[in-house]
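Next up: the structures, one after another.
Both complexes below contain chain A, partnered by chain B and then by chain C.
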Partner chain A sequence: MRIINRRPSRFSGFFLAAIPFIAVVVVYMIASRQRLAENPADKLLPSFQSMGSAFWRMAFEPDRRSGDYLLWLDTLDSLWRLGIGMAIATALALVIGLLIGFIPHVRSALAPFVATFSLIPPITILPILFIVFGLGEAAKVALIVAGTAPVMIRSTAQAVMTIPREMIIKAETLGASVWQMLTRLVLPQTLPGLINSIRLALVPAWIFLISAEAIASTTGLGYRIFLVRRYLAMDVILPYVIWITLLAFILDRLLLVISRRAFPWFHLNGESL
Partner chain B sequence: MSAPDPQVPPQVVVRNLGKSYGDTLVLERVNLEIAPNSFCTIVGASGCGKSTFLRMLLSQEAPTRGSILVDGEPLPREPTPDRGIVFQRYSVFSHLTVEDNLLLAAEFEASPAIGRLFGAARRTAMQEIEETLEKIGLAPARKRYPSQLSGGMQQRLAIAQALLKKPKILLLDEPFGALDPGIRADMHELLDQLWKELGMTVFMVTHDINEAFKLGTRMLVFDKTRHDPHAPDRYGATITYDLPLNAGAKGRAPPVSELFANPKQPLHKGTRP
Partner chain C sequence: MHMFLKSLKAMGLAAMMALPAAQMSTAAAETKSEFKVCWSIYVGWMPWGYLQDSGIMKKWADKYDISVDIVQINDYVESINQYTAGGYDGCSMTNMDALSIPAGGGVDTTALIVGDFSNGNDGIVLKDKAALADIKGQNVNLVELSVSHYLLARALEGAGMSERDVTVVNTSDADMVAAYSTPDVTSVVTWNPLLSEIEAMPGSTKVFDSSKIPGEIIDVMMVNTETLADNPDFGKALTGAWYEVMGLLAAEDATALEAMATASGTDVAGFKAQLATTKMFYTPADAVAFTQDAQLPLTTKFVAEFLFDKGILGEGAPSPEFVGVAFPDGSIYGDAQNVKLRFDATYMQMAADGAL
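Here is the complex of A and B:
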């Protein structure tokens, strides 16, 4: 049988998926052991034990100076910034994106502006945001919004424009007003696409969050890893990176589950990643 | 002959209608008078402008020249509830279940602010669509989404939905083009029954000449009467045959080959070889 027609069973699929992960862990362990054998004080490739104890310290032992449980404090602050930023970006995408997609005059007025704005590399306006909003929370949230909203607006508008014209005309012949079409046709047809664009926008959103925290902050996951970098504390950095990855993964899956639950009609045809 | 009964004023009057897209002339010199309660079938080769004609009847597109009058009044400039439409695809709302698709018209009418009914009002509206659901045989599938229905079921839903606002004119754009022959015969029966019951004027574009003969009381053939081999877009199509198809006339209709034989002279209403 050709290889394209051979499908892994559930068990072998799981096993195949695990192989790359296991391989990386094994390679790391070998390399780490070798370096530590030569120099027990080596900081570059810490052992799993020292990473585990560092993670335990960050999570479950109060900080000696401030008395905070740093991992949870960092996680909470970072997720708060990310959440507020994405919420504002989503709201903007909904309002502006729907109007651009549905109403030709708004499209003519705003689409070129949004397209231009979305081409500004967001990180370049970070200094401006720090000057305007100060070094507090607002600048970090504003960076996430500025970095993700334009693309989300464009993809939402695009999603509106791909609604078959036939459906919109059908709604008109059923006596719908523009507002009713927005609420009963355009919005529900666009929401699954919006959730998709949130999932995609979360990737750059994390980048902007970590960057902003690295540059000016006193808490947050990004602040922490850039802080301990000064001491070459790989035993803290690596678990933090894994933790951030895990958070990003959970958020992504959560949004997928929400989309499947809330919009079953959208997921009827075929699997989605 | 198709000369309308002088006692009954025509419902639809088309005068010197023409449509062009840029330099491409699609339709020209279309003149027509349609009596109320006619079942008008429209046939013609691909790209002959029959769907364009239907879209102009729907106000989805504006004529380049000439006019269409319904009951003596010019057509509104956008689709309105007095003209129902069934497309070949995307006629129903993919994000709504069967019953929600049928409820939508009532919800638009009763709830201008959110286009949604709840509680007792919703139950009352639901009772009103019960008979429709039974008649189109979709009562057992009421909770399903359109993509979970067969093509025939989807089109039955689309027809039922198009009739909810009791339109004076029903427009059908190749509604059964994607269906199996057996299902198509069932659909013909349903459509014929609905047309006789509801007393409306039907315009149906079809590729299937047998369907056109079977269902129509009048058949319009669209074709080009003039050809410029160096500029195929210079001349548009017009009505080349206008056949009354009452029981007696059906037997005397010219053979299909002759209908599409590109007559050299435009044939006017009521004159045929």
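Here is the complex of A and C:
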């Protein structure tokens, strides 16, 4: 049988998935052990024990200075910023994206602008964001929105434009108004695409969240990482990175499950990643 | 044969991926002839760039039959991290960061050349307020856990306040000037050249600066103790070259000043203004005297206590005395069994005696 037709069983599929993870862990352990053998206080590649105890300390022991449980405080604040930012970006994508995709005049007016705006790296206009939104939460949320909304608008508009023309003509023949077509036809057809674009936008959203928190902040996952980097506390940074990865993974899976439950028709053609 | 070569290549690739981290640390020990030191932009460190560009470093390295590469790194903290990880044999940093990053990270480090101390280069600026006492209750934007943070702690201490009286907001130095121009930001602690730029903005008053705690923020060329012990020529070449450039600076050599001013993005007048708030040790004798002074152990105690208080010495640290610091007279602050930072005037003394 050709290799493209041979499918792994459930067990060997799980095993195959585990191999690269195990390989990374093993390589890390070897390198870490070598460095620690030479300098037991080495900070660059800490042992799993010291990372574990650092994680425990951040999560379950109150901070000496403020009495807060830092990991949960950072996680909560970061997720809050991420959530607000993504909510605004999604709302923008939905409203502007639908209009651009469905109404030719709006498309002519806004599509080139959005396309241009989406190419500006938001980090480069940070000082302007500061002046407009201040240095508080608003600027951090604005950075996330500026970094994700334009691309989401474009992909939503694209999703609207790929709705089969026949369906729209059918609705018009049945006497639907523009509003009825928007709410009963275009919106339901676009929503699974929107969820998909949220999933894709979460990647840059995390990057912008972390960089926003690095710039001016008192809490947050990105804040903590950039703070302890000042004394090379990799025993705190690495668990935080794993934690962020885990959070991002869970969010991604959650959106996929929602999409599958709410729009089973969208997932009819085979597997998706 | 082909297959064999291929798998050999693959194995090599895997080994390459696994090894660099381990190799970097082995670079420390034994005699060698090629050395790398790093530095980052700061008024007192501009001579390092000039050393490399002018060929003075090469001249001194050739004299001792070694080669020394001086590399500029754009991010200060990253340069220290690179040194601590073993990527460089030496790096310019402050006494405070030397204690917290390499020494706290178990890398035995020696202060080879004490270059200067900040004498007004770091300062606290308030917007529309005139006195340090007005800082109470404000948000203070600064690079947390840096010398700015230390300066703030010392200033508050002197004014009978503590950090509880303010809210520290960690702000990247790259964005400090832009941050200060927003209405939310009412007080900042930063260093030159940012400090002079912020001070020049309307409504700004500098209410405290490092000239009020002279000799506490020290800028030093730190080198790996083991490397130095195995290769005294490395220390001699570096020290000799440094003081040749110091001589040029003290004599206000036009070429040297011009080059350093351009490298720091200003003109000769601007560079001189920055030098005015920096107490440079132009002669090795001055640096030796400072290093041997009884004030240094006291400063070290302040710094160690600040670092411990902020949890920067590491969670394994039971007290500020966790990391030992040795001074030229043989006295030690902290744990004598765990000396990781050494102030050593040997090479500067050689330079003073003209023995290099």
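Following the convention adopted for this analysis, the second predicted complex is superposed on the first by the 273 of 273 C-alpha atoms of A that agree within 3 Å, B and C clash if a C-alpha of one lies under 4 Å from a C-alpha of the other, contacts with A are read in each partner's own complex, and residues count from 1 in each chain.
To be clear about the criterion, a residue touches a chain if its C-beta (ideal position, glycine included) is under 8 Å from a C-beta of that chain, and two chains touch if they have at least 3 such contacts.
It should be emphasised that the depicted structure is a prediction, and the values quoted were computed from it without experimental measurement.
K.L.:
Given the superposition on chain A, are chain B and chain C in a clash or a fit?
P.N.:
fit
K.L.:
On the A-aligned overlay, A:114 touches which partner chain: chain B = first, chain C = second, or both, or neither?
P.N.:
Touch partners of A:114: none, neither chain B nor chain C.
K.L.:
Taking the superposition as given, does A:183 touch the first partner, chain B, the second, chain C, both, or neither?
P.N.:
So A:183 only meets chain B here.
K.L.:
Name the chain, either chain B or chain C, that contacts more residues of chain A.
P.N.:
C
K.L.:
Pick one for A:238: touches chain B only (first), chain C only (second), both, or neither.
P.N.:
In the superposition, A:238 touches no partner, neither chain B nor chain C.
K.L.:
May I ask for the angle at the C-alpha centre of chain A between those of chain B and chain C, rounded to a multiple of 10 degrees?
P.N.:
150
K.L.:
So in the superposed three-chain picture, is A:266 touching just chain B, just chain C, both, or none of them (first/second/both/neither)?
P.N.:
first
K.L.:
For A:166, is the partner it touches chain B (first), chain C (second), both, or none of the two (neither)?
P.N.:
first
K.L.:
Just chain B (first), just chain C (second), both, or neither: which does A:202 touch?
P.N.:
After superposition on chain A, A:202 lies in contact with neither partner.
K.L.:
With both complexes superposed on chain A, which partner does A:212 reach: first (chain B), second (chain C), both or neither?
P.N.:
Touch status of A:212: no partner.
K.L.:
In the superposed arrangement, does A:44 touch chain B (first), chain C (second), both or neither?
P.N.:
Only chain C; A:44 stays clear of chain B.
K.L.:
Quote the smallest CA-to-CA distance from chain B to chain C in the superposed model, rounded to whole Å.
P.N.:
45
K.L.:
Enumerate the residues of chain A that count as touching chain B in its complex and touching chain C in the other.
P.N.:
none
K.L.:
Name, in rising order, each residue of chain B that touches chain A in their complex.
P.N.:
Spelled out, the residues of chain B in touch with chain A are 58, 60, 78-81, 83-85, 87, 89-96, 104-105, 107-109, 112-116, 145-148, 161-162, 164-165, 167.
K.L.:
Provide the residue numbers of chain A that touch chain B in the complex, in ascending order.
P.N.:
Per the stated touch rule, the residues are 164, 166-167, 169-177, 179-180, 183-185, 188-189, 263-266, 268-269.
K.L.:
So in the complex, the part of chain C that touches chain A is made up of which residues?
P.N.:
These residues of chain C touch chain A: 17-19, 21-22, 25-26, 28, 77, 80-81, 84-85, 100-101, 104-107, 141, 143-146, 167-172, 175, 178-179, 181-185, 310-312, 314-315.
K.L.:
For chain A, which residues count as touching chain C in their complex?
P.N.:
Per the stated touch rule, the residues are 27, 30-31, 34-35, 38-45, 53-54, 57, 64-65, 126-127, 130-131, 134-136, 214-218, 223, 226-227, 229-233.
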